[in-house]
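So, here come the structures, one by one.
Look at the two complexes coming up: chain A is in both, with chain B in one and chain C in the other.
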Partner chain A sequence: MGLLTNLRDSITRVTDRLFADDEPKRIGIYGPPNAGKTTLANRIARDWTGDAVGPESHIPHETRRARRKENVQIERNGKTVTIDIVDTPGVTTKVDYKEFLDHDMEKDDAVKRSREATEGVAEAMHWLREDVDGVIYVLDSSTDPFTQVNTMLIGIIESQDLPVLIFANKVDLDDADVKRISDAFPQHETVPLSALEGDNMDEVYEKIAEYFG
Partner chain B sequence: MPEATTPNGGDGDGDGVRIDLISGARMEGLTSMEKIRLILDSVRDGDIVVLEAGLSPEEESKLIEVTMTEISPDDFSGIEIETYPSSQQPNQGLVGRLLGKEEAANKLTVIGPANQIETLHKDEDLISALVSRK
Partner chain C sequence: MPHQCTNCGQTFADGSKEMLSGCPDCGGNKFQFRPAGASDSPPPEAGGDTDGDAESTRPDPGESAARRTEPPQPDTDSSDHARSGGSVGSTGSSQPSSDTEDGAQASARTDVVSPDELAAAAEPTGPASEPSEDPPDDGTAQSDEESADPNLDALRQKLNDQFESIRIVSPGKYELNLMELYDREEYIISLREDGRYVIEMPEGWDDR
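Let's look at the complex of A and B:
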């Protein structure tokens, strides 16, 4: 019974994707807090639509709601790929409001921000299970990729059979190490970039068109 | 249930830290939400939970989601969880995935309160953690 149900669900999922080519693919931008997800989402949206997706900040959990930018048309090699970009809150297993007090925030504001952040993470997990067709996983190249959140999220994405690209962001930083990221997740393609500086965006768009077109 | 406790009584109220080692056989009979409830109830009491067989990716996803809904200021700030990287798990291939076999088997998992457990080092085959008292 369980086996047949799983088989039927897997086949349904595959056929749904095969026959849903006319609809723009919803591509979730996932990753830990402060990896540069919103900076990337804004870079892509500004390059192809002229609008931004949301505010950027160095304070963790600036993005506390998933935000969707619809019908982003990316042209590559004479082909147009239309995607919806979903910028998601950074995923974590813990949120402590005291962390925000270090950023000159009053306690009430810090508590409110932490409450919104927890709701945002829960929302991001729900989107990942139900509502995205592909994932751009953004990592900060200057930090250690061997974290539990990264390990779990990549595992969750793989279990959903979603196409995934790993973006090694912030290559403009002195201590960036792209190889450390590609070594951590050798089963996936890693693309180096700086969303802030706009470095290597040509390859970024080529890969998006190749993987999600 | 296979369980190890400190010599101080092991109820989590003393000076020690209680550690529950939960066998794969015990978890196998539980639904996803029962597993998550078992883990979070222990962790919210300040205990460390070690799962012999770990959770499936879907269960891990739900664990994060439920954990987020339970975080409250000055009471519970979330969990620290450690497993070995999933890239080290054998690739089961399309047939395995079609049949719904998820990669949970033999993925030793350590879970504790975020304010009591700190990962010191982690790589493909070693997890080193520091556990402190409440």
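Let's look at the complex of A and C:
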């Protein structure tokens, strides 16, 4: 079964290269947990396809498997770009079930969530290596962007020469600080937005079309 | 007569309070439970110190082996009784001998878990998911979440020095080496609590 899967993937990859111009770009939505990645993915998917990608939650690691929404057609300035959105689990270096206990979760469920979240991070890192053509890196504007995870992931993305947009999410929060994020990654374009409120989505789609079209 | 003193063979009805402070006859504090249907199985012979007045269930060695694998069987009159451990002889007194177990206890315990299994079950709490030949010391592993190191190579080296891709600190608590997860070709798709994990083998494995 694994052989067939690998064979199929190989063929997919070859055909992807042959018809690269016609195939939608796979855009991975990356970032630390609770940055608003799924909220953004749902916002984009709902705006352009009417469907959602997955459930959102204030509890970290709600997304524990990468989810893909294919053939999202975004129209900007008379041009249409088609992308596959890959919503990935939040990337972190530590997962501890105890952080879930604060959210009225039983220990067994918290331990299970913790294990799944760890698998999700492994999956997200694998996708980053194998399966994305561009990255939207989502950060919570109200938190400090200078973390090991952010530095490392941006570094990996740069080393792959992938096009990347930094999305400073949650600008609707009082303590949001977009400048702190743009200062942290001056080599990349930073787009402020609130995926939850739908603030500044016009610029979001313009930049997506510009970078990934 | 479900309860029987393993020392003198005195029997007590289920729910009896007499035995709560030890056998009133010999002071023994170990009892075995005998279901009603097994009441004719033998009690151990009294060691000669006392013989209970309610000795309706005097030992009948012929039937004992069929009922229990290790019934406490007094072997001689000189020793109060024989135990499966065979190392303690102070049972005639009221002093509890907690470091040994009798046949009934040993028999009951065999259905639960062996010491070997306990030891094996404790192991996954250590670093187990990966052959983490070099577990991180707490200093480097704990404090680097907030301290961004702009030098990617230095960061990579630092992380690689810590552990391989995933370290199980304890059940439900993991540390991840993101760079290693990214670098490795195989793909960890499922973790197990016992420290095992499932990987998807990369295509083109043979080419490398």
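Throughout what follows, the second predicted complex is superposed on the first by the 194 of 213 C-alpha atoms of A that agree within 3 Å, B and C clash if a C-alpha of one lies under 4 Å from a C-alpha of the other, contacts with A are read in each partner's own complex, and residues count from 1 in each chain.
The criterion applied here is as follows: a residue touches a chain if its C-beta (ideal position, glycine included) is under 8 Å from a C-beta of that chain, and two chains touch if they have at least 3 such contacts.
What you see is a predicted model, and the numbers here were worked out from it, not measured in a lab.
With the C-alpha superposition on chain A as described, chain C and chain B clash in the combined arrangement. In the superposed model, A:Gln148 lies in contact with both chain B and chain C.
After overlaying the two complexes on the shared chain, residue contacts for A:Lys94 are found with chain B and with chain C alike. By the touch criterion stated above, A:Arg129 is placed in contact with chain B and with chain C alike.
Of the two partner chains placed by the overlay, neither chain B nor chain C lies in contact with A:Lys79. Contact with chain B, but none with chain C, is seen for A:Phe185 once the two complexes are overlaid on the shared chain. In the overlay built on the shared chain, the residue A:Asp161 is in contact with chain B alone; chain C does not reach it. Superposing the two complexes on chain A places one of the chain B stretches 8-16, 26-34 or 62-70 into chain C: stretch 62-70.
When the two complexes are superposed on chain A, the residues of chain A that touch both chain B and chain C are 2, 6, 9-10, 91-97, 111, 114-115, 118-119, 121-122, 125-126, 128-129, 146-148, 151-152, 155-156, 159.
Residues of chain B touching chain A in their complex: 56-58, 60-62, 64-65, 67-69, 71, 73, 77-87, 91, 97-100, 102-103, 114-115, 119, 122-123.
Listed in rising order, the residues of chain C touching chain A in the complex are 144-150, 152, 155, 159, 165-166, 171-179, 181-183, 187-191, 193, 200-201, 203.
Residues 2, 6, 9-10, 91-98, 107, 110-111, 114-115, 118-119, 121-123, 125-126, 128-129, 144, 146-153, 155-156, 159 of chain A are the ones that touch chain C when the two sit in their complex. Residues 2-3, 5-7, 9-11, 91-97, 111, 114-115, 118-119, 121-122, 125-126, 128-129, 146-148, 151-152, 154-156, 158-161, 184-187 of chain A are the ones that touch chain B when the two sit in their complex.
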